[in-house]
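Worksheet for the structure shown next.
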């Protein structure tokens, strides 16, 4: 029986924490600490959550920027770095202005957090969220909201207009990210009520980003020369560095989602290690068998696939199960990226769907399987069996996919209309976005 | 034999190479160069300091062919590399006195 | 009313902590913990302070090295990395030998900490500074002392003699950095007594470095070809990576200056996020409006300007005010770098004054404004109003500028005399410092 | 008298902690905390240990990968990154499957931890190791086990077959690393019983890796063209970045080995700073004197030499002694790398032996000297004097060298036989391992 | 037409280009090369291993001009690129048989 | 004077340079190029997408020598650069009309 079941009995006490993010309560409860209206934060939990926040920031600056940037051609390097930087900065402002409120503003509906905490109204340095200062909780969540739209831009890299990317991100966060974050992590949220396992954002972050990127890749259209010209990554070194930083920062993501430095954190940590190792080895093995050579880009792709897969599952499976979960997600992602995508012919430039989407779906569903005590997991929610748990896992995945796909499609059309087309001109695309959109070049060796 | 030197737009390289292979060209040397010509460069700005960059990236092809093939090579390049826009490039033809294939020591037309 | 006012009543108890750094007391007090001669450190506070120390180190290795290095021409890359490495290492030794003593050695004068802790005399593993081991406090402060002289070298990059850079740093730290650190952060220091807000080093680090760099740029003279040749950054990718690491590490700087993992830390954290976001957006908007294109280098320049601006203010303003503070500093820095500098014609190679100097001054003065409760801030010191607070803020800024400018000027003359001229030969400058000063080249692709 | 002497009296209570890693007990004891069968972990200690784990991971991804990768020629860059990634991932799986058990499985022999914890049998989220969750302790140790075989590959970089590197790593970890880790860190281990100072892995990690790399360099043979062609590092920039990340991450290594965020951690932190500074300055001074120019690669080589040297000594010396220890190790490493190696003529591509081996030996022996209270150290174990302490230090170093050299040699022969020769073909070596072993190229500028 | 090839010190490039523009040269190809000559290279040291680098960075200009302009171009380069120190570079003149402008198909002097 | 252009395997560069120095060659220009010829390229795979790379890295030497030395230079290169395997490279000889040393203004054979 998984500890999440304890929430069942939390309906009443939860009322006491009206404004507190649900997840904070969960974690506090899970680590068996006594949650009272404590006057001072726990310094150890706070230290860890500040570290988690900082290392998730590190995933953006420069983690994902390099992971993505290394994969594009030299002439588009800065455009990736620039979109990353600007979207993340914009989201930080948006989060303070209305994002936190829309997600965790105290609203009781299942889809929307309300307007109660616009401009962080009512939050003071002394406000706590569980055992940590609420400001720290906000900062932590802010980094999640910042990285998710950045993940999406990989789907239509090397051809989108800068202002289209910004505008889409803004709208997408508003109409997709914040609602899904509320559903998954707020005490009043839909998935939360269903006791869906989404430890650190399989639905909210990865499936969401993967789907939006796929829709974007299709709406924006293929790059000129796609399938004919060599679009080799300009620096696999940078891609490896970026992936490494993602690996490192992901401990903020996953272990930070324990919202404290207790035993749940320890579990999430070991699982994040082993699933990632499984992901790396999974991809390499497939490549070695099918192609005779294991590649570096394969290894880091498997790394990310493994990390994505363990994200929703980090607190509910065991370290050996995590190895398999990572390896399976990695193999599926390989198949998608190297076979399905090429067959279907769309141009998801950096395989956001293939890796984050597929990995996220695998992880969200896998969480409902590998949590089984028979597989070394921590058990199902409540008195559930695997069937029931899986039903809710799949339902949450399905709702996320549909919501995200439909809204993203509409938003791409709207943004396209507002910006005079999503794409830069063909000449600009050929010359590269760095010079034509930003007036700079990345390298002058 | 003739040495044909061409300065072209980089993204035309593959197309030109394929067209040349079709008419029997079996080798060439390709260099990435900075071209200067009528096509204007661009401006880069770094922290408010503007730099005019007068050079445009081009590829430079060098192909040695038997005299008989020279005109056809020039034509093929000219046809394939053109976009009709400024900066399409130039082709120059020079005379080559001798050619040697290192591996075999063959000389003249046999070497190329 | 800001919590700093509590120090007013600390005059007596402060005596109890004779050897304790003032700032440690402040933070401890501020976070409302009971400061006693506790036998063991608080593990949470200690964990956070060790993390802060490590990530400030990360700002040096390789943060600032890459931020700066990416901006110079290929042929001078290693010289930047090398100056960074060597100066930082030297400062670590100096800090143990006399730096800590000069800043926090227990001396009661307003400018000088005395000789009481030369070679860390009297410090043992069990010595505490507030709730953390004194060794950790020393290490934390050591990283500040290491990064500040490194910041300066950006002002005269690509032309200074290696040994001149080292010698200047050594003297400058001795006659400028340690005195100003004592003034600002020691209980007996001048600014500290004035209750000036300088949370994490606006005067000590950024104004100080900016002014010294400006003086240096003028004393050393322009680079050959400055204004004529293209001196384009050799790798904006590296610059972006460096800036990102600075962003990440700055949480050690700012949040670490809370000296613990409590509520003050939470406030400093959220403010550091929002001010930086404001800085990025500020610069980009100005560029987009004035030039029609937003640039990557602009975005990261705004990032640093925002970070610098929030440094003195992180614990006294609110998260929305911080957005504006960051954006204003960024716009001013833009104006300085893109307009004023070019008019005045001096060659501050990497805009240390334009960004750190201007950003630091804006932040130090802005701290006295945005701390106003009406602007969402945490209040003024004691019973002060804005006017009085501003008076002291400006006074501290002014004293720092004058002290630093005068002493730096003298030191450049002295160092120039001792090293046979500050500059390398014209031929060496043309060939590049990497080969001529260090016998290596950065890249062999 | 060093606190490690307290273990003398721990024989009995130690029994109470049957399954607990010895080192955990040591640290707990050392920091004077009351070690009971506490139901909940200390959040501060746990936070720090999770941070330590994450930053040791950062040393691998991408620290050592870049440090090494920058030093090879462009055509072999990805092979280094790939070997690093794959070996580390493999070790993570191995550690969970049998590595933890072989090192800390509860077995009472001096060389082997037994089979008690295969697949982490018996470990649950609630299991504690000292004041932290056992899963965190496992993850921490896992990162050590992952980085050590990666260090070795520098010895035969640019010519080894990928599968030979993997197979050797697997066997070496099994027959060298886990036994030596048991000897040094488990309560029942040989060196532990001898009260040898090996704070963070001088023998286990650095001497071990250095010796194996030396044996490997000899068994695999020189690179084609060694001594004739210029084998200049393809990017000293990346090497500097890698070294910086190692510096930063090393605080996880050394300070993490205090297993908590107490006073011992503070001591390890300040020592790690000062020894590294000493190492940098030591190498630079030697170069400046002997060659007239101080080089960047020299500075970072000295940095690593200093870090290696302080590793075994971080908790037993004082900060001023550490400066000297670092500088001495650095000078010895210089002499080895620049003189001895060239005379002996073997091709240890990235000087693993010269830096890690020599640095590790210097540090392990130096720990027995600089721990002397007269030199500012924390004292010898028990009632020992320097002679006796040194005897045990040297004995541990000697046993490690012999064990590692003999077993490594045998394993290279075995692996060579199994993989049809350790080396790639001469043509593949010329073309580069990136294309021939992995089918990719690192850069397409 | 003549092809003028010059190997020069890199920092002289802009000056030379400007001088040539003044006398009517409207295009050129620029390549970064490694030069070997009387000017000695330098020594690099990596962890005590010394490498003599015999090559010196140079830029190589290729300019095709009508016969009439050739001497003036050579003179201009020689004058502008000189510093009087070893390694200033060389200028070579070759005969070109044909030139074609890809965009228009123009040939001969019209093409350049 | 003759201009000798050679496309060779990169790892042969040092050996060839030394051999040429021995026979009295005092200068050359070296460019890194992409060669296309009989020697086949390689395949790169990135996330399952296969790219055929048709070009092979080569170095291109340009050496201007007095007529008298030309044959010996060609021979020396041919001998030193050969490995007997496909892709060893080619040597081309062109006529040079004039040569100038920038530093001194010397022309002809004196300039090289």
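Of note:
Each chain gets a letter, A, B, C, D, E and F, in the order it is written, and its residues are counted from 1.
Definition applied: contacts are C-beta pairs under 8 Å (C-beta built on N, C-alpha and C of every residue); 3 or more make two chains touch, one makes a residue touch a chain.
According to UniProt, the chain labels map to these proteins: A, C, D = Ammonium transporter; B, E, F = Nitrogen regulatory protein P-II.
Treat the numbers as computed from the prediction; the structure is a model and nothing was measured.
Listed by label, the chains that touch chain A (Ammonium transporter) and also chain C (Ammonium transporter) are B, D. Same interface as A-B, judged by over half of the contact pairs sharing residue numbers, among the pairs D-E, D-F or B-C: D-F. Both copies, chain E and chain F, contribute mostly unmatched positions to the interface they share, with under half of the numbers common to the two. Chain C (Ammonium transporter) and chain F have Cα centroids lying 53 Å from one another. Per-chain CA centroids place chain C (Ammonium transporter) at a distance of 47 Å from chain E.
With centres taken as mean Cα positions, chain D (Ammonium transporter) sits 34 Å from chain A (Ammonium transporter). Multi-chain contact residues of chain F, defined as those touching 2 or more other chains: 31, 44-46, 94-95.
Shown for chain A (Ammonium transporter) are the residues that touch two or more other chains, namely 42-45, 47-48, 51, 55, 232-233, 291, 293, 295, 297, 439-441, 443, 445.
In terms of which chains touch, the assembly is arranged in some other way, matching none of the line, ring, star or all-to-all patterns.
Contacting chain pairs (ordered by label): A-B, A-C, A-D, A-F, B-C, B-E, B-F, C-D, C-E, D-E, D-F, E-F.
Residue ranges on chain E touching chain D (Ammonium transporter), taken from their complex, read 44-49, 51, 53.
Taken together, the chain B residues at the contact with chain A (Ammonium transporter) in this complex read 11, 14, 42-46. Touching chain F in their complex are the following residues of chain E: 2, 5-8, 31, 33-38, 54-55, 58, 60, 74, 77-78, 81-95. Considering their complex, residues 225, 228-229, 430, 435, 439-441 of chain D (Ammonium transporter) touch chain F. By the touch criterion stated above, chain D (Ammonium transporter) contacts chain C (Ammonium transporter) in their complex at residues 31-33, 42-45, 47-48, 51, 55, 73-74, 232-237, 240-241, 243-245, 247-248, 251, 255, 260-267, 269-270, 273-274, 276-278, 280-281, 284, 291, 293-297, 299-300, 303, 319-320, 323, 378, 443, 445.
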